[in-house]
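Same chain, two partners: subunit A is paired with subunit B first, then with subunit C.
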Partner chain A sequence: MKDLANNTLLNIEGLTLDFLTNRGRVKALRDIAFPVRKGRILGIVGESGSGKSTVLWSILGLLAGNAQVTAGRVDYGDKNLLTLNAEGLRALRGEEISVVFQDPMTSQIPVLPYAQQMSDILYRRSMSEADKRKAAVDMLRRVGIPDPESRVDAYPHEFSGGMRQRAGIAMSMLTGPNLLLADEPTTALDVTMEAQMIDLMRGLRDDFETTIVVVSHNLGLIAEMCDDVVVMYAGEVVETGEVHDIFHNARHPYTRALLECDPARITDVSRKLPVIPGDIPDLTASLSGCIFASRCQKALPACSTTAPPLVERGTGIARCHLLEGPLADPSWPPPAEVSTVMRDTGKTLEASVKDAKPLLEVRDLNVQFRTMGAMKSRLRGVERPFVDAVLDVSLDIRPSETLALVGESGSGKTTLGRTILNLQDAAGGSVRFEGNDIRNMSERRFKPLRRDLAMMFQDPVGSLSPRKSVRALITEPLLIHGAEGRNLDFEAERLADMVRLPRGFLSRYPHELSGGQARRVGVARALALNPRLIVADEPTAGLDVSVQGEILNLMADLQEEHGLSYLIITHNLPVVRHIADRIAIMYLGRIVEEGPAAEVFARPAHPYTRALVEGVPQPDPDRRRQNTGTIKGEVPSLLRRPKGCDFATRCPLARDACREAKPEHRQIAPDHRHACLFPLRYADQQIT
Partner chain B sequence: MTIYLFKRFGLAAVVVMAVLLLLFSMLHMIPGNPAILALGTRATPEAIAEYSARMHLDEPVLKQFVYFLGSAVQGDLGEDVFSNRPVTAIIAERMGFSLALICTGMGWAVLLGVPLGCLAAVRPGSWLDRITGVFSVGTIAVPSFLVSIWALLLFSIQLRWLPAIGAGEPGNFADQLSHLVLPAFAIGLGWVGYLARMVRASMLEVMGEPYIRSARAFGLKPRRIVLGYALRVAILPTITLIGMGFGGLISSAVFAEIIFARPGIGKMIFDAVSDRNFPIVQGGVLVATGFYILVVLISDLLIAWLDPRVRSSL
Partner chain C sequence: MPEDRESAGRERREKLKRFLTDWQAVTGLVLVVLFFASAIFAPWIAPYDPNAMDIPARMSGPTWVHIAGTDQLGRDTFSRILHGGRVALYIAAIGVSASLAIGLVLGMIAGYGPRWLDNLLLLAFDAVRSLPAVILALATVALTGPSLTVVLAIVILTTIPSYGRVARTATLALRHTEFILAERSLGASTSRILFQHVMPNVIGPLLILAAMEVPVVVSIEAGLSFLGIGVLPPQASWGTILNEGYLVIRDAPWMVIAGGIPLILTTLGFTFLGEALRDIFDPRMGRGR
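And now, the complex of A and B:
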């Protein structure tokens, strides 16, 4: 704020922007101001609707057509980027200011090879095609693409997700830009890849002295990667500061609440997660006072009428009445240990389910996918024209128990869930529900069982028909299974109450729902037939940190009330730690470790489990990992399943024996087993 | 890839067989004895019996079909009932006229329709976009035979700019070209509008894709983004449409050939059906079906060549 002159690369001042929509003017950004300091990594953190990506796009002049900048300036050197003409902006883009995109699957053109895409970026340079190609190969090598001389001719679909994002970073660094903008650079990637990307980007900053602005909702990523942080809420900057100040000395109630909601920060494993109740305010309405007042636990009556003061402090600013002025509260901010968010104090479930007879028993289940047609495989002499998506999986789920199935993309976890629900045929093994084998049952015979086995789908909005009202959606399962003269209106209200969805929402349509509300509708649909077991595929995917706690608490409450069992399929370890009784870790279609949640977290036996547990970036800059590369590379393709232990190709502890034969499952405690020849041992463990 | 081609050709053979079988059964349901038609009403019963035996007309339809297929495989499609010339020779003579008409018709439609759709999509809501929209609907709505008649009336009869009938002096390229203009205009006009609409719609979709935003964020020139990136993806569904469009053009060409009295395959089949000249009908339909299947195969291969994702899945 003070020494703007020399060490500021980019300065945003009073940026105010509206979106003209058919609902009216959405005041998407209001008076955004912060400097970007040269050579540093600045993180913009906020939940969906905070406007963090809009800030990024306004720097580049690539806003949507209905955006209208009404005030402010974005100064880069002696230029104001908001008033610069199209040619001037285009001269900067790609050369001085470059971007790493959120989803490498959709942000790279599928029909051009990387060599072409990268030489296109260098079109302004008077270099020969051969030199451009060489520059592309060098940059691909720098970002860790193996064998870049030949891979430069590959097309995006020939790369895995992590490789694509590496190539995306290579493209953006190709011209040696001064400023690199990264929009949720790891959101589409697995945990083990995320750590590698953070490493890579920090390394590039050091090598090329590039200033980086990274936008993310992921507090762990921000803490691990950034030097400076800007916290945004509903189109305003509520707090700025250096990363230590934000994570250890946050002064704005929103920053405090956001940090406390992150499950990775919550060390005590209670089944209730903290939440920030309420929703982001409607930005088409006229706004007065503090934007966070409606959801703030510390709000005073004046907060919603008077604009909060802008308080300068050590390394940044904060906008809050509690800090300065007539409403100042000398006891604010409280020490870090004191919680400032809503916390249900529901009683935790007794661990009494251990000895009950399993509700669902899966034994040696195998699922195979064909890789080529019958004729092709015969002509080519391929003996096994299929891959094992699920390989010899055995699992139990007991009544009222939550089992979390954790794995990276491609681990087969979703396939396993679908097979249990008879949505996918299995090649071998058995699935028993209450003792009856239900594997590969005809849909006609399985239909009565669909009442007992329900599914919560991954995409909360996409899995709801856009043409049906919430009332129709949540009573649909009843109609399919014969409503038998039930009063559907009554049932709809009963279900809405169960999932704490206001009854007024029953007449709404899916596009009118927020992510959390749509997820509640999904829960209601799953509950409609009073199931015994719910398979929930990524129940918190796409939800904000402040909302995901609500859904998980709701699921826990419903379990208590109705004795439900859950199979939760997820890649998100911090979340399952709070909700799961037991955890099963999957890798390439096999269970590599299974045990009680607390035990698996505290003393993982399999190196892969440990890599996953340690792979989650901690939302605490003091706990930055020096060397994040405990495991390297990516999940291999199912087509190239290693001969020995599936994980041997990436395992830092692999020995020759690991590459010879598949390790058998071994029991290390009555409820804890793993598939590793050389499991990790701990000092306080009895060796059996 | 070879397996893919193998499959496609197998499928093509099945389609050709099915079409021919259907045609065979239908021709034999039409009243009238082909032998009498061929020999005239005053032919003696012995002559008719002799002719029927030679042409296998006295055997079951299925058997006739097998005979036909057997000789078709050897490149023999039978003889013209009236002139006794080989059908293959007659088709070869006329094929060129039809091919020239269909390819010119589609050619000018592509050359005009694709850029129109592209420009309309780059500036949605502009005057060019609006005019293209109205023009598209208008030209799609008017059937090609009406366009043929109007064009004939206006340009040949009223203005006398272009010749009305025939395909032009053999060997005189300029004359043949001037005879091609009106029928090609007539059958291609609807396709200009159709292609413009298709290209516009898929361009608008592609222009909203994240990878187009990436290209803009890297500062590429707008021209390069539209032609090198967006059109390259947006053209793919249009290629399929063009391939299938050749099927429609074969039938549009029949009308155009009748109206402009062009000696093409369409007119040949039409005349042969009225004359019960079955060998010509069979040969003509076989060639038309084969042509259509070939064009669709070419368009699919073209897409595979342009789209690496399709290529790697073949």
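And now, the complex of A and C:
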């Protein structure tokens, strides 16, 4: 480590920072120290509340007004960035240190074309406008924007999400910075785009010798992209090291637990996912000992009182009593196969009722959104003044079965879920629940069915009415559907117990809950009326890796107890693998493949399915995605639905026939359908 | 749990502290309390019967016996001002709460209901807003004759649109949020969604608006009474005191001055209070909802 000192571009030493809030002084960062080596990509990984973004912003002096740095230094060359005056910082920002933001939609100026925004970035350079424009075009070409000469005059809203992030990277690279800071650069993007971004940023690092610091909660991204890793927990650095050491030889129990919780790493198809029980400690309280002690499976009594030693090793450090000193445990860390986190021995439950009558049958369902008013479309002679958000979808869900609906953003999966629950009108087709057609039923007639069909929404906190207590929220379904003769206090406690929410939380309000707790309230509300089917929209969205296991395990337990059926809507393929019996893959409003989960993962028939399965970032630096080139571009807009197969524009195997006609759905096994003219595994055998 | 309740309490104390250290807020609060107290306790505070004539003492200037002087009939101006405050409070309390309630409901319906209903209500709001309150009152009085009820009705009608528009905008923003969709998915009726889930989230700005509307309402009442189409003589109102004083402004200026001062103080008080409340509860200033 020491001999690399002259290779260090940025060195953070003892950085300690508080936020002054009306809850008191939040000790957000405590004694952060790590070097950033020249020409490397360093990843800071941690869960929400770990302070990883705060570290990033303190480098550039872009902290919130209530932040107070109490100690430490951030050395860049011979300057300490923490004490540098505003003018000095401004000279560095943009020129030597630049930033890629999480959400390009809000970090780019909506009213200026890229040409203008990018030549503004070069305002310090004495270049002619024509040269600046040329530099902008060259950089856009380098980041993979097609036809940059004309696209440079586009506005941000004219670009798709992936292109916008590419343009964001181009803007940050335009000045040729020494250091690039990236804050969750792919979180707003789909998996297929994420792989392309990682590829792009690694390529830029090689071409321009830029050092990159990337902050993410996504272990797959860190493993694929970074050379060095810093693991943070609750405002402290718990472990640092080179990427192979972190992922293959993690020494801190937190790093180890975090890795074991990533569903992409778990290959057995047990329905239980591992969890790190507990919550991040309250950082306004006085802290002593090891910060992770309260959630650590290996914690000893001394851990919560004595600060852990800082143990150096070849490529980094770790802070843990198990590694050095009187409490050292030579058997730690155990070999990779040994599990160190809590995991119920899941009953590998096979769907018991394979051939039962379907609970829900969806046939040829179509949902359309109007793109212009009736009058306007008639005047302009537009025949179809709407787009097809859901196109000829057919699905079955049997009792006690979990069907996962997987697709990228814009695939129409959420619309489909809402249409099934009669929250959105359909244009055609049928939705049958227990044999009765319920599509477009009037709310008055549908109301009794709402007892049987419940929904969990995407945003755990945002889907709870903000001014209602948890008690009011979870008993509300009972009130709506008549709670005569029920003791609501008793019911509230029963439901809280059912979703393992401590009863004390009943008097809290949504904004006082963490994501995982709010999600439990959502589950309790969905369960209050003993439904038969729950439509869960992204049940793990907004949850940390260590918490999402708890929620999915809870959902699995409840399914077993109450014989529930689930329709799980998600873009997160690794999670689905553990909970779904069957998977349906959706693309541009159409189901392109449907089959048993294991089957779809092992032998995908549709090239899109394969791209999704292979596109899952692996939390293993040795298994970086090799074939990032196989699927290009992004989901096309619904307004420009391709004439033939919807996927033909991105499919690496597309032939002429694919661009002519929409492929029909074909049955390839009793339970396995797809919509591809040239399926991957049955290409040479004709199935009728 | 207890520490959480403690933090909520701390937040409340923090807000109170910010409120109490703001001189505008404190001044506003003092004036508003004074307004309420003087109006409610007028019969006990007032030294004289507001309508008792004392002809020998007519047109008396401010003295120790009549601290704000007397009018041309010898009635004590100070007592009449205190009793006039009762009229102002009556109109303000009933007028503001009625138009708040009606505006809130109409605004929520406009924001949540179908598009055509929204357009219809917006048109109605704009139509009402385009009518000046005083002209409308003059026209109505021409048909019905002057009375306090007409004043009240005019005040309510003309202030509904401001509440309605604020409520509509706030409801529109909530309409497509996930928690409203979640309520729909549970089968909640529209009225339940509006009154249980939308109302608590839109009422805050309306209450602040109401505090700022009080002086508007009070001055409409005073203005109409000044013009002789509000309260009927001999009943005291700040408007009638001003009117009577205006006739004798050269000989007895204290009547106009004494009638104007409470109007000014009330306006200042509610405006200061409303602004202070807005500063403290504005979500952009605080920590989210």
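To be clear about the criterion, the second predicted complex is superposed on the first by the 675 of 688 C-alpha atoms of A that agree within 3 Å, B and C clash if a C-alpha of one lies under 4 Å from a C-alpha of the other, contacts with A are read in each partner's own complex, and residues count from 1 in each chain.
The criterion applied here is as follows: a contact is a pair of C-beta atoms (placed from the backbone, for glycine too) under 8 Å apart; a residue touches a chain by one contact, two chains touch by 3 or more.
Source: prediction; values computed, not measured.
Colleague: Answer with clash or fit: subunit B and subunit C placed together on subunit A by superposition.
Modeller: Here the two partners, once superposed via subunit A, fit next to each other without clashing.
Colleague: State whether A:Leu62 touches subunit B only (first), subunit C only (second), both chains, or neither.
Modeller: It touches subunit B, and subunit C stays clear.
Colleague: Where does A:His481 make contact in the superposed view: on subunit B (first), on subunit C (second), on both, or on neither?
Modeller: In the superposed model, A:His481 contacts subunit C only, not subunit B.
Colleague: Please indicate which partner A:Leu421 is in contact with in the superposed arrangement: first for subunit B, second for subunit C, both, or neither.
Modeller: In the superposition, A:Leu421 touches subunit C alone.
Colleague: Put simply, what angle do subunit B and subunit C open at subunit A, by C-alpha centres, to the nearest 10°?
Modeller: Superposed on A, the angle at subunit A reads 30 degrees.
Colleague: Considering only the touch criterion stated at the top, classify A:Ser107 as touching first (subunit B), second (subunit C), both, or neither.
Modeller: first
Colleague: Would you check which partner chain A:Asp671 touches, where first means subunit B only, second means subunit C only, and both and neither mean what they say?
Modeller: After superposition on chain A, A:Asp671 lies in contact with neither partner.
Colleague: Per the contact definition in the header, classify A:Asn22: touching subunit B only (first), subunit C only (second), both, or neither.
Modeller: The second partner, subunit C, only.
Colleague: How far apart, in whole Å, are the nearest Cα atoms of subunit B and subunit C in the superposition?
Modeller: So the smallest C-alpha to C-alpha spacing between these two chains is 6 Å.
Colleague: Using the touch rule from the top, collect the residues of subunit A that touch subunit C in their complex.
Modeller: 21-24, 282, 418, 421, 423, 443, 446-447, 450-451, 454-455, 457-459, 462-468, 476-477, 480-481, 504, 507-508, 511-512, 522, 525
Colleague: Under the definition above, what is the set of subunit A residues touching subunit B in their complex?
Modeller: Interface residues on subunit A, with respect to subunit B: 60, 62, 90-95, 98-99, 101, 103, 106-113, 120-121, 123-124, 155, 157-158, 171-172, 375-376, 379.
Colleague: Would you mind writing out the residues of subunit C in touch with subunit A in their complex?
Modeller: Residue positions touching the partner: 1, 3-4, 7, 10-11, 14, 177-179, 181-189, 192, 196-197, 200-201, 287-289.
Colleague: Which residues, counting only subunit B, touch subunit A once they are in their complex?
Modeller: Counting only subunit B, the residues touching subunit A are 3, 7, 209-221, 224, 228-229, 232-233, 306-309, 312.
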